[in-house]
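In the two complexes that follow, chain A is the common piece, with chain B as its partner first and chain C second.
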Partner chain A sequence: MISKYKDGEITAEQSYLIIVSVMVGTGILGLARSVAEVSKQDAWISVLINGIGISIIVGVTIFVISKFPQLNFLEYTSYLLSKPVAYIITSAYVVYSVFASSLIVRFLNEMIGTWFLPRTPPSIISLIIVATMVYILKDGLTIVGRFNEIMVFAIIPLIVLIFPSLTEASLINFKPIGGAGLENILKGVMPSFYAFGGYEVILIIFPYISNKNKNNLKYSVWAILFVTALYTVIVAAQIALFGYQELTGILYSIINYLDVIDFPIIERIEIVFSFFWIFAVLGTLTIQQIAGCLALQSIISNKRVSIIVYILSPIIYVLSLLPDNSAKVVAYSEKVGQASIGFGIVLPILLLLMYIIRGRKVVSEKS
Partner chain B sequence: MGRYNKYKRYNKNINKIEKSNITDANSEILEEAEININHIKNIFNGSSDILFRKVNLHYNCGNFDEATLIFTDGLVDNFIINEGIIKRLNMLQESNHSKDTILNFLQDNLLVNDIKKTKKYEDITHTILSGDTVLFIDGLNEVFLLDTKGFETRNVEESSVESVIRGSKESFIESIRTNTALIRRKLKDPNLVIQPLTIGTRTNTTVAVVYINDIVNQQLLQDILNKLEEIKIEGVFDSGYIEQLLINNNFSILPQMLVTERPDKVCANLLEGRISILVDGSPDALILPVGLFQFFQSPEDYYERVIYGNIVRFIRFIGFIIATTFPAIYVAITTFHQEILPTDFILDIAKTRVEVPFPPVIEAFLMEGTIELLREASVRLPSRIGQTIGIVGALVIGDAAVRAGIISPIMVIVVAITAIGSYILPHFSTSYAIRFIRIPMILMAATFGAFGIIITWTWIIAHMCRINSFGYAYLTPIAPIYIKDLKDTVFRAQIGSIGERPLPASNKNKKIE
Partner chain C sequence: MRRASKLVILILICGLFTSCWDAKQLEDLYLVYGIGVDLSEENPGKYLVTVAAPTVLPEAEAPKVEISAEGASLRNAQDNIQNKAARRITFNNTHLLIVGEEVAKRGLEQHTDSLLRDPEGRGTMKLMITEGRAVDLMELNPPASALVSLYLADLLKQSQETSTIPLTTLRSFNNALKTDGIEPVMPYLKYGNRPDEFLVNTIALFNSDRMIGKIEGVDSFLLIVLRGEVNDGFMSLPYPLGDADESPILTLRVISGKNKIKTEIRDAQLHIFHEVSLIAHISEYTAPMTVLDEKIIKEMENAANLHLEGLCKQLINRLQIQYVSDNIGYGRYVKANHKDFFDAENWNKQFSNANIQVKGNVQIKMIGTKQ
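Entry: the complex of A and B
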């Protein structure tokens, strides 16, 4: 056989695309609104700051965990944070991942219900999505990695669709730059966090990269910066078009943003947007869930990931149907966003501190 | 006395043969021609096309030995048998050879390409059945195998399945020797290896594995050779048998081996480190390992200049999308998403559908069904009638169906464009895949609209991510991504700038140095 990599592993190049794919997803819909509520016309600055901050955190994360190339998430957290804590964190990650996945399924459900199938019951749509997810996940990370490499291409039409509406935008809406005040700008970082969430899967999947090298850190950070640039442009474009006052009144502002311009032949461009957006979100969903499955696999030390996929999927299906309406889904997403702060910011910093305190000793002992 | 001894020896050997298992292929021939010949007659059960021609070998002192030529009538070149062998053997009468020098005389004077010696029955039967001639000489426990192949074959003709406008027109035929010669003529490289195997316990078909020794991945080669040797089957009549026995995803709808009848395509793929399998009796060569993007490539891309090559390849991608998804998009729009089109346009469509009693999905299936029938029918019919059936059938039936008001004219347009789109790919086996993707796609679009199309594509992509061809992922070089390979698979690189060989090759040396 000429396959370069073992089953269940991914390549470094795949890991960069996975980072992009997992971040660009559901959060893109309400990002501009939720940030503009706080930091007004300077929302794009908040997004930019957040993105740069996250790229630093990702740099730190990869710096720490690349010192343990042979260990998976559970094992290196055990080294750094003692075994019981590691088990608690990993279990918490599994729970978080299940909730995040079910939220993504629900978001998909909302969009499909709004734009494609208003009369189809949500239970059916969720069922199809979860079944699709199981089909992609059941053979492990390698297949998910490849699948997401294809799904990243769905982002290209999304980027292209930003441009036509810019003809109607006016830069006056940005003024006064910095007028929201530094405090508000920094506060605006928080609500934008959900849109950026997802990069924390690097904690789980990094150990599965088969050709780890020193470029991992550099290109992973570039991947984050790419998403940051994309988000900043999207938020800035919406502010320039609507102005922040109008923006705060729209639930999924990007949909309305696209609708400003009339296209030939295609009357409702948001359907085209949703078409590609669903592909992007399916990518996010599969990575989020495979990370949870891999975390659970490390706890119960099971050989085959497929059984875990089969066990967790019904839970996701049920959870995705629990919120009653769109407003509750948004509230739910804010809670998940807060949890992702725990894994995305607190945990990497904690790992860095523990690495400085005791990890170096451990690594030098091992070598 | 000598006569008596000979008789005794004869009896002893008869016993020996009866004792030994007569079907034992490894048993060796004996000095007595008569026993050997009887044994061979037994092996062939007295078939009428196996001819035994007796010739006398004369020595200088007027003695002679009996010699027998055995060959299969119809598989040999009669001219070689008559002029090259029998005439030469008769010439011995005039010469004065002694018994010792006669073997040298044979070696020097028989007018055949190749003379081999053997002692095994297995070789003898195989030789006779592949069109060569066996020469028995009484008193010698060795036979001569003479190359006299000369059976009727088709001429090398223009490829009918993969025709090109620019580039070589020749295509493989049913004779494996001609096919290997076609390859060898294009690749005059001593490292080009044509490794023969025999597969099929009854058909004894020659299968040749062709590769370039210093480029091919040895591990892959070994793997394929092992798999070929493990094959246990009675008969091999086409390369399709080998294809199905080799691939590991037989229930996938996607083609997983490149099937081509163009020698130039085989040679180009050999240079990229791939392996080709030729089967005697089949004009189609197999190429492996391949991924999805190889199915979008035609040799013509490289014969025309780079911009045209790239544009044509891009058109093929679009053709693939149209052929798989276009009817589904039409069904989804007319059933669920009328609002996506401008009001005037959707009203036009609605007007044409006023008299149609069916929902779009039924319409689509009626038309698709008709097209599939026409397609199958036109393949079976002689080519002139086939074309007429295709055009007349599509025009007449489509027009009549519209007039009768069971199908809307736009549906006819959609299905016609789809049918054209599915022929745009240079490989015929891909058109099966397209058809079988299209039908579920229409069903899903009729049930779930655009969401159904998304889900169907997701399943297809997930399936593509999953399968591999001898460890070579199907979607390489996109998933897993190999940026260096991208420029000459998805795109078409400038000739001379292609640089390193793609993934299957082990020897990554530059193509142009």
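Entry: the complex of A and C
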């Protein structure tokens, strides 16, 4: 479906797909492991709680920013939080977006280097990924929206591939349900933030939706709930198969999850998974980075986003190569996950509070 | 300038078509189908690893090649094997890991690590222990297959389908190793009457990653039943119950099985109630009498239940007293139901002190084509 919208705008439907596409990416690889390390057999509950919490946050976010339909991120945060604070937050978002994008590139690099091209230098793999990203981004948000409209279908094979390995799963691995304790279940919410991260792009892209309507909030929340259901099922399936003890020892558990039964015809099913997963990650990468570019564009009042894409891409490329090893990449992802809490939770709540305190007045003055 | 730029871009794009420049042809590779691990005879601290691969080329003198090398670990020995091989060795297609009994007694975790860590390693790779040394087994030429490893992989698959042995893959072994409340098991291969005749009706028992003993014959089948992994298989008993040499034999073909395990702590004593439900068909009854009678079928079911319960009790006693090892996996249920009672470090001791009651529930559904 080709949108009629041009000049850096997207449709409301594309925005829902963008939310799904940006969330399903690199975080899915180690989600079950990182959460199970904390909340053990109840990791799926932590993921479910996180998803429900995030859907509420997204509801709040859209509720607030839909009151400023004509303003971009910098402008509406200026109204609600004052201009200097808005500039600081927008700049911080650009930095966060660059770091998050470089992490996505690095994760993709690790995956390709481990499974497909072990002898290819990481610098070459990163270069190809960043070059692809630049090619998609250079024409702005409209093209990214269309690209992700197609790429979101790469998630379907990932869903289908959950089922075959369930023949080896055991429900006893879930028991005792709640046995990890409420405290650990709630603590387990934290490590799953990186996997859910990305939804905060709605703060940036919402103003670019051409046909805003009253259903934006409802369907955006449904998009988050869809991802929540997908992640909960994926984590639950891995716990049922591995048990939390084995699971915590597997780095990319979703790939090992597929390597449990022999498939007919397809000798290495994980390669098939990786093929679709790479496209899903490209979707995440392009959205994450276009949001950063749009934020920077609003600061420097530049009309052409392509210039910003060309400026930020080399930085992303270099940052993606900085972590020395896989352990540092995982530590890096935890830090980015923590930063996403700032933009994904703290900022929307702050915006809501400021809207309640002074926003209503500002909106009525504006109108 | 514009034309020159286009030309440069075109040339660069052409570079993308060279992605297969270093592709290896099949005849340039040794596709390893089976790996054997033994203790080195000369250096007992080292391991002797043997790989078997087809030669592929029709003009080759032998259809397969076996290469052995010593090393401090499996990966180290594999590297040393590469030094002896004329082609690049690849483990992408490895279907079977054969472990010599002495190595299994020493511990397997260090060997499974490299297989699990390497992305080339397959989680579905089958694992088995062999009587004697793996290197001797891999040199054999079974009449039905060019490669003994492929023949054995098929043999394991067949025996697993008839519930004589468990299907132990690299992943399932690692799962039992890492999970509290269950100990691993693995098929154990014995030689038959001829050197190239194999017998697969024995199960090696493990405590953690070390082999501690083995059970065979009907006990193997019962262990599969108790672990809830029964697919198919046969159970023979004297009917009416009595001396097996004098009574007629009733053979039941088990079609499917289901387990229900309940646990209870009473007066600080762990009680485990295990109900084994089997759906079976009469496969053979050697007495000249009709079985097409509801009462007789009921009596046969009762006899089968008593027989099953007695044999299961004996097997569980062996696991509790002789081996002190929960290879059935009761600990997973105790851990789930009595979190405070379950002691992961000392579970096998708790298991050996538990009161375990097995109740049979054999249901005969069909009697075959004879009355």
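To be clear about the criterion, the second predicted complex is superposed on the first by the 362 of 367 C-alpha atoms of A that agree within 3 Å, B and C clash if a C-alpha of one lies under 4 Å from a C-alpha of the other, contacts with A are read in each partner's own complex, and residues count from 1 in each chain.
Assume a contact is a pair of C-beta atoms (placed from the backbone, for glycine too) under 8 Å apart; a residue touches a chain by one contact, two chains touch by 3 or more.
Worth saying up front: this structure is predicted, and the values here are computed from it rather than measured.
Enquirer: According to the stated criteria, A:I271 is in contact with first (chain B), second (chain C), both, or neither; which is it?
Expert: In the superposed model, A:I271 contacts chain B only, not chain C.
Enquirer: Quick one: name whichever of chain B and chain C touches more residues of chain A.
Expert: Counting contacted residues of chain A, the larger count belongs to B.
Enquirer: Using the touch definition from the top, say if A:T11 reaches chain B (first), chain C (second), both or neither.
Expert: first
Enquirer: According to the stated criteria, A:F279 is in contact with first (chain B), second (chain C), both, or neither; which is it?
Expert: A:F279 sits against chain B, while chain C stays out of touch.
Enquirer: Looking at the overlay, does A:I150 come into contact with chain B only (first), chain C only (second), both, or neither?
Expert: Only chain B is touched by A:I150; chain C is not.
Enquirer: Touching A:I261 in the superposition: chain B (first), chain C (second), both, neither?
Expert: The second partner, chain C, only.
Enquirer: On the A-aligned overlay, A:K175 touches which partner chain: chain B = first, chain C = second, or both, or neither?
Expert: So A:K175 only meets chain C here.
Enquirer: Should A:I300 be classified as contacting the first partner (chain B), the second (chain C), both, or neither?
Expert: neither
Enquirer: Where on chain A do the contacts from chain B and from chain C line up?
Expert: In chain A, positions 267-268 sit in both the chain B and chain C interfaces.
Enquirer: For the complex, give me every residue of chain B touching chain A.
Expert: Result: residues 217, 219-220, 223, 289, 336-337, 339-343, 345, 448-451, 453-455, 457-459, 461-462, 465-466, 468, 470-473, 475, 478-481, 483, 503-504 of chain B touch chain A.
Enquirer: Quick one: which bits of chain C touch chain A in the complex? Just the residue numbers, please.
Expert: Interface residues on chain C, with respect to chain A: 92-93, 119, 122-124, 169, 171-172, 174-175, 178-180, 332-333, 335-337, 339.
Enquirer: Write out the stretch or stretches of chain A touching chain B in their complex.
Expert: Going by the criterion above, the answer is residues 1-3, 5, 10-11, 13-14, 17, 112, 116-117, 120, 125, 128, 132, 135-136, 139, 143, 145-147, 149-151, 264-268, 271-272, 274-275, 278-279, 282.
Enquirer: So in the complex, the part of chain A that touches chain C is made up of which residues?
Expert: 114-115, 118, 168, 172-173, 175-176, 179, 242-243, 245-246, 249, 256, 259-262, 267-268
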